[in-house]
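First the structure, which I've put down as structure tokens, then a few questions once you've had a look.
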Amino acid sequence: MNTFGNIFRFTDFGESHGAAIGGVIDGCPAGLTIDFLAIQHDLDRRAGRDSQFSVSERAKHEADKVEFLSGIYDGITLGTPIAFIIWNTDAKPEDYEAISDIYRPGHADFTYQAKYGIRDPRGGGRASARETAARVVAGSIAKQILSKKGIGINAIVTQVGNETEPENFPTLLSDIKQKGDSIGGIVSCTVSGLPIGIGEPVFDKLHARLAYAIMSINACKGFEYGSGFDGIDKCGSQLNSYSGGALGGISDGTDFCFRCVFKPTPSISQEQHLPDGSQLTIHGRHDVCVALRAPVIVEAMTALTLVDLICLNDR
Amino acid sequence: MNTFGNIFRFTDFGESHGAAIGGVIDGCPAGLTIDFLAIQHDLDRRAGRDSQFSVSERAKHEADKVEFLSGIYDGITLGTPIAFIIWNTDAKPEDYEAISDIYRPGHADFTYQAKYGIRDPRGGGRASARETAARVVAGSIAKQILSKKGIGINAIVTQVGNETEPENFPTLLSDIKQKGDSIGGIVSCTVSGLPIGIGEPVFDKLHARLAYAIMSINACKGFEYGSGFDGIDKCGSQLNSYSGGALGGISDGTDFCFRCVFKPTPSISQEQHLPDGSQLTIHGRHDVCVALRAPVIVEAMTALTLVDLICLNDR
Amino acid sequence: MNTFGNIFRFTDFGESHGAAIGGVIDGCPAGLTIDFLAIQHDLDRRAGRDSQFSVSERAKHEADKVEFLSGIYDGITLGTPIAFIIWNTDAKPEDYEAISDIYRPGHADFTYQAKYGIRDPRGGGRASARETAARVVAGSIAKQILSKKGIGINAIVTQVGNETEPENFPTLLSDIKQKGDSIGGIVSCTVSGLPIGIGEPVFDKLHARLAYAIMSINACKGFEYGSGFDGIDKCGSQLNSYSGGALGGISDGTDFCFRCVFKPTPSISQEQHLPDGSQLTIHGRHDVCVALRAPVIVEAMTALTLVDLICLNDR
Amino acid sequence: MNTFGNIFRFTDFGESHGAAIGGVIDGCPAGLTIDFLAIQHDLDRRAGRDSQFSVSERAKHEADKVEFLSGIYDGITLGTPIAFIIWNTDAKPEDYEAISDIYRPGHADFTYQAKYGIRDPRGGGRASARETAARVVAGSIAKQILSKKGIGINAIVTQVGNETEPENFPTLLSDIKQKGDSIGGIVSCTVSGLPIGIGEPVFDKLHARLAYAIMSINACKGFEYGSGFDGIDKCGSQLNSYSGGALGGISDGTDFCFRCVFKPTPSISQEQHLPDGSQLTIHGRHDVCVALRAPVIVEAMTALTLVDLICLNDR
């Protein structure tokens, strides 16, 4: 359940304010020289340390430094499981004591408690977006594997609220931030250089596996590829020439293009009314728009999916 | 790859014009009395035999009758694999001989040939939507399991092209049909009665697994739940009270609501221009809007997903 | 649970006296020309129709003829699921009515009833050795894949009771048969031509996966490879030069040699005393020694295991 | 490949002289109070620190202390992945430099190099028996789950070489040790209190899954249950009353009894002749009989198997 993939497999663990988060990559080919700087670069992209709209108080103080425990010898993969951890050095459980018995609106506090009968109340525990840092490490290695095959993945934010002009994003974000509110966004991703034949009929279609991967990212509410929902007013005679990158679920040699939407972060500074009539104010700084930090996670999940499907196709 | 699910597992086989299509359901609880009429009813819904817009020439002549080979004794499940077949009695391979060396636009002919180096040229072979009949049989049994738990699944067509008023669908469809063209549609689905706690962190979130299941249906181009893409212009303060049925990927006791979009069928009567400069006319009657026949398939894939996740949660 | 393998996967279904038994092979490479005669030859070996010691009344009347439903076009595999069935033409449920409420000693009647709360009482249902016919079909195709890679599998009976001289087997078997009793046997199997590197650390060692495969055959009570149990009185200095075909669970280029033991069939003609004090006589002809028919099943399970591990290694 | 189990899943990582070994347990029920002392006790049993025949130089200096990173909060499981590590504090890579380009007889040095094209030459790397410490941690937690259900697992050494009298083991072992040689042994294991119905037809029979689990332990060469190989000279009329704990692969309510054989450790002090004509002497102290330390590992693999099968049965 916490393992992603069939042949190139990534197992992910860790609570937001536990000792550490991390993962195990199994099925990584032997002989790959790991680019550790590229991994750190991706972790930094996710942390969004440069942005006034996405940096959290924690990210400011805690650099995500990954430590590899196995599977790599002299910088080269052994073909054995690659385990890694990121210590939660800035864990501040006391910040969450005040709200440990409150189910925050739009968060998973309630459903975890109901499902397991117990939960780690510190910062969302396992449901925290901090978990995605481990995905980024694994995804960064997957991107290195793909890069050697000439496959590129590029994800960017193409919409914030109703705004589609990137130069206008800051204005809108400042406005939302000032109100103590949050806003959604859309990330667009293009995969180039994918060989023909990737994807498996009938359940493991390329786009079905990608939809699963992307929708598993926190706050993601929708996925579409090719003509997507916007193609609804087009006829067959107009769309037959645009596949979006796959036919019958199998890559066709054109760029694979998809979009996904992220809801506004539910943690907002505004006072919120709870179902029981009480009121809640969540302190600390929070992301104005989680979509801003999503591209590197979208790339990671895309890369993990593609490496696994390529392994399956090449068997 | 042709198996769906982890504990309640459905393996699917068959080419459109081979001897038969069918499947094997593994992990079905013992002691379930099968409602065979309900299965046939779902198969008839999929065939769309009553509709002037969706019936194919084949569906007119060939009733999909399912034959069970194992796993059921005196109408009751044994807990062993349930195998079933639907014979391809009306298979007319000769209809496809003329186009066996042509890659039809928007179809999977080209990608299958490239992936496998061989393909069954008769009617799309494995990539044909005929394969979904087997999904409907398995899904119908899954719906019977869910029904006993008080869980209902209801999918309907809510949009055809830009038209959202059902009474106007026929007018639009007649128009498209007359032009020898095809049009896309949107199916909306609601799951009611789902207990709290279904769905697994972090990869197997309820909506991630459903996205995978639904996007694996032929011609599906997008999936969204809750506020989806349309929620892009809402703020966190507005959306925190609407989850769409899951928080942190785990069902929260409210109805789970999702929508999916189907592209226009690529098989159209109009003359089409191929990349090599030649022209192609596809004969026979074809669906004007495949979305019309999709609801029962959407229900089937939803049911297969839910039974599997419920088994996982109840372990 | 009724699926064997990870990449080259075999799903098996059917009760002994239901409509049919059969299976689905998923992950078979495209472009393989199937040798149907070889499959029938293996089915005939399993039926043991020529032997006075292993033929059952049923095998005399019912030839196991396999019918392929999908995945093969003009005798060549398509890369899609290969479904096949063997009809139970000679099913005689009435033979079992008299004992439908009795738990036969040494059989699975009791455990199936306890596990599922229901069972097919006709001839052992799913627990019948008839199920192994489907394994033989799938295994025969797997052997054809291996054969093209120069890999051979050869299993023979090397011991019946305490007798290790094949020419003395008939004498011993006649004696046991006359007493209305049954006897165990040992099957030895050699895999030649296996490339170096097959088998995965640490759980999916070559011999661990083979032990799983072989021990899943009805009546098998033990598995050993290389020096096995008999090596117990040897020292490290003596055994270091003999691996049995694998080191660290990975094939080392020498022949892989293993042995497995089959218990006497529990169905015997002698009157048996049941725990409740009553007496049971099982009519019909039964195998004197099930090990006699086991070699082709041992080869099948070995082949299914090896093709899957080779696919995994070649990814 | 480095993950064991389907629902209760254990992923294992680490090289003998890398930074750490460890694992991730996924699917552990929430709400279990962990007995950390019991885990340490099992780790100490495996280290064999008290025995003059099994202690290695390394075990003398390095206590295996496990550190939990996730999935446990205030000593209680959260239902999320339980990650743990054991640091390789006494790793002495320099000890292995001299033999880093030698393939030690009976070891996996050669097959790893051939399979991956690279290997960690320090102490066997991933193939080292040190990896089993992680199995013991996971298995100890699995035993705690089983214990609450009244299920007990007990494994002991019942034979060393040809000697079956425990009081004579030391004499024999002293003799072998003095010669700088090693000897094999047999471990017998009994599972009591197992409910009826555990094990899945047809491939995942209780004994087939156990055979897979046990045979995956380093140096194991054979597995048998019930009458096993020794039952070869018994007739059906004699054996029908003794199942060994399973009928048709499903537990029948009696104790499940199995035996497994471990070869002599290939690391011996005697001078050994290599295939190329050269001679090798392996320095350091090595186990005289690895079977002595195996019981706790046998119990661990048995427990991991049973918890997984019980989860599957209870779904």
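We just call them A, B, C and D in the order they show up, numbering each chain from 1.
The rule we apply is simple: a contact is a pair of C-beta atoms (placed from the backbone, for glycine too) under 8 Å apart; a residue touches a chain by one contact, two chains touch by 3 or more.
What you see is a predicted model, and the numbers here were worked out from it, not measured in a lab.
By the contact definition above, name the pair with the higher C-beta contact count: A-D or A-C.
Between the chain pairs A-D and A-C, A-D carries more contacts.
Could you give the separation in Å between the centres of subunit A and subunit B, each centre being the mean of its C-alpha atoms?
The mean C-alpha positions of subunit A and subunit B differ by 28 Å.
Where the CA atoms of subunit A average out and where those of subunit D average out, how many Å apart are those spots?
Taking the mean C-alpha position of each chain, the two centres sit 37 Å apart.
So what's the Cα centroid distance for subunit A and subunit C, whole Å?
Chain centres of subunit A and subunit C, defined by C-alpha means, are spaced 46 Å apart.
Two or more other chains in contact with one residue: find those residues in subunit C.
Within subunit C, the residues that touch at least two other chains are 1-3, 12, 27, 80, 115, 126, 201, 312.
Considering only which chains touch which, label the overall pattern as line, ring, star, complete or other.
If you draw each chain as a dot and join those that touch, every dot ends up joined to every other.
Note which residues of subunit D are touching subunit A in the complex, please.
Residue positions touching the partner: 1-3, 9, 11-15, 18-22, 24, 26-27, 30-31, 67-71, 73, 76, 78-83, 85, 115-120, 125-126.
Within the complex, which stretch of subunit A touches subunit B?
Contacts found on subunit A: 1-4, 12, 105-108, 110-112, 114-115, 126-127, 131, 159, 161-162, 176, 179, 181-186, 196-197, 200-205, 207-209, 211-216, 218, 221-229, 231-237, 239-241, 243-244, 246-252, 261, 263-268, 270, 272, 312-313.
Show which residues of subunit B lie in contact with subunit D when the two form their complex.
Its residues touching subunit D are 6-7, 27, 80, 201, 311-312, 314-315.
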